[in-house]
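Dropping the structures in below, format is structure tokens.
The two complexes that follow have chain A in common; it is paired with chain B in the first and with chain C in the second.
Up next is the complex of A and B:
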């Protein structure tokens, strides 16, 4: 029971932290929408073209916007010693990475999820595709959070080059983009593609605590 | 309770320290003394099982620390050289988070008394980021009272504190030891605190 309470209050702490820095979340959302506007202006007024490549644009921008928030994933807690205190409070490093991944999903990815309907109007994406977009993004964003956790924990060991971690996320997110965009463009194969996406989620979800936990331990060891 | 036996640590083929022996029993205060870079923080990290010793072993309640790690963590509060209070939040928010996260049984009256003693009671609604370094450090000590654990491991707790605060810390240390608590702390200077064991690094 105590352990469950600790988990609940870990998320209370994350909520308080994220609410005190809500401008960071809003900046990400604003970046997302401004980028959509730039795409629309650069493509021109042809509705058909925008509609055709809209889903691709949406996913690319979601990936870039969530990459922006990766710097904060572990960095603050690492620098002020909270990562160690959380560990001393009974959480293994692997478990901390799972908790932080869900926290990233809740406080960074879910606001994007909620802003998808507005983005769909701007990009002229048909209403009937909204369900597929939500389904693919719900799973895809959790995959991106897991990859983000791995790359951010690696960044703690390599403080001089933040881009390296982001590049890793970009490379490994290629299959996520392929299958997620595929779900929307090939609705008849929805079940098989969502299963593949779910399979990728299970793989990264299994690797994440192991890889991130090790990187967190090593970075604290060498700090 | 805590026994460190023949502990040696090497990093990047460089010997940091060797053959350290230490025994911490209830009511004891151990000081780790040494110059900057002598390995005080490294030894504390090894005791917290964050570093693998090159030689020697650490025991907690008669068992190897690694095999009894989470029981050890349940009894230890660590204050490092960084300030763990969240700078974007107020003192009140930080206290609330600590109280809940550490499932503390300390009541509000006790916290209020501690805040008054630390002279932080007037800043309750101030963000931690706006406090001075000394005040932030004092707030850090409040975690010792909130966590209410038996073993305190403190890295340079007295640096950047004024004379009054150092005197207060001395009293706090004595109170803790009289309640069967024990303390290991590092210092590069002579703090003038009565200690039961001194380790020179």
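Up next is the complex of A and C:
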């Protein structure tokens, strides 16, 4: 029971932190919508073209704007020492990374999930595609959170070149983009593609605690 | 075989084999280029452009082989605490990047007359481009960390995570319908290439391997020396 309480308090703390800095999350979402506007300005307001490439634009922008907040993933806790305190309370580094991944999913990716319908209206995407979009994004964003955990824990000690973290996430998210855009465009092969996406999620979910935990441990040891 | 994991043994071995390897690579390049430009036949469909294969294929093989060896050394270095693996990773990553770049550029030059475009977005080409970007990220990571211990371990972890791309590159021509042709030589059965084209290809492959080993020896020795001065 004690362990469970600790997990609940961990998420309560994450909730408090994210609510006190809610303008960060809202800025992310504003970035997302502004980029949609800019895309439409650069392509032109033709409805046919927009609905043809709308899904691709949506996924690209979701990826880009979720990599914007990577710096907050571990960096704040690492610099003020909270990471070490959480570890001293009996959480292994791998387990911390799993908890943090779910917290990132809840507080950064779920707001995007909620703002997808508005984006669909703006990009002229048909209503019957909304279900596929939700299904693919709820799996794909968890994959993106795992990748974000790996890359931001790698770059904790990297003071010079933080953009590298975003590049790492983007290079590994190529299969996610391929299969989740495929789900929406080829609805008849929904089952097989969503199984592939689940497979990628399981692979990334298995790698994540090992890689992030090792990187967190290294950075804390050599700080 | 201790010279593969021990820096001082590697230095001794490198002094023995560096000059022979360099001379051998020059001889092999001379013979191989002679074969591939003058002594091998034209293809009945592709004409003279088939000679690009003698640069394209060996560099592609070596790009993959370099990454595979780096993966192996990362496992050795992280699991068995052999620091030579970190030295190897730091030294060899630019060589692999250059091989990948040669592969992409020569393939692009080959694709323009044969396929009609410099670049198509099929699975093989895209995965090789991703391999090139992964090599670049490894190089940039090596340059941008300040703490050496963190840097080398993080790079090793990144190499292990990035090695998921290797089977994708290898099997992309079998899994998807690509414009790029499937493998002709690495079949277990008899290779489906004519012996008159096989000979220069094998010679050029060995020449590329030898020049790669020669440059790798130079870079690893430099890296060992720089680490000695770092510690003292």
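Simple rule for what comes next: the second predicted complex is superposed on the first by the 223 of 223 C-alpha atoms of A that agree within 3 Å, B and C clash if a C-alpha of one lies under 4 Å from a C-alpha of the other, contacts with A are read in each partner's own complex, and residues count from 1 in each chain.
Definition applied: a contact is a pair of C-beta atoms (placed from the backbone, for glycine too) under 8 Å apart; a residue touches a chain by one contact, two chains touch by 3 or more.
Just so it is clear, the structure is predicted and the values come from calculations on it, not from any experiment.
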{"item": "Clash or fit (per the criteria above) of chain B with chain C on chain A", "value": "fit"}
{"item": "Partner chain(s) touched by A:167 [first = chain B, second = chain C, both, neither]", "value": "second"}
{"item": "Which superposed partner A:207 touches (first chain B, second chain C, both, neither)", "value": "second"}
{"item": "Touched partner set for A:130, first chain B, second chain C, both or neither", "value": "neither"}
{"item": "Partner chain(s) touched by A:106 [first = chain B, second = chain C, both, neither]", "value": "neither"}
{"item": "Once both complexes are placed on the shared chain, angle at chain A toward chain B and chain C, C-alpha, multiple of 10 degrees", "value": "100"}
{"item": "Partner chain in contact with A:159 - chain B first, chain C second, else both or neither", "value": "second"}
{"item": "Minimum C-alpha separation between chain B and chain C after superposing on chain A, in Å", "value": "6"}
{"item": "Interface residues of chain A shared between complexes with chain B and chain C", "value": "none"}
{"item": "Residues on chain C engaged by chain A in the complex (per definition of touch)", "value": "126, 130, 133-134, 137, 140-141, 143-147, 149-151, 153-154, 157-158, 160-162, 164"}
{"item": "Chain A to chain B touching residues, read off their complex", "value": "2, 5-6, 9-10, 12-13, 16-17, 20-21, 79-82, 84-85, 87-90, 217, 220-221"}
{"item": "Chain C-facing residues of chain A, complex", "value": "150, 154, 157-161, 164, 167-168, 171-172, 174, 203, 207, 211, 214-215, 218-219, 222"}
{"item": "Chain A partner contacts - residues on chain B that touch it in the complex", "value": "45, 48, 50-51, 70, 73-74, 76-78, 80, 82-89, 93, 97, 100-103"}
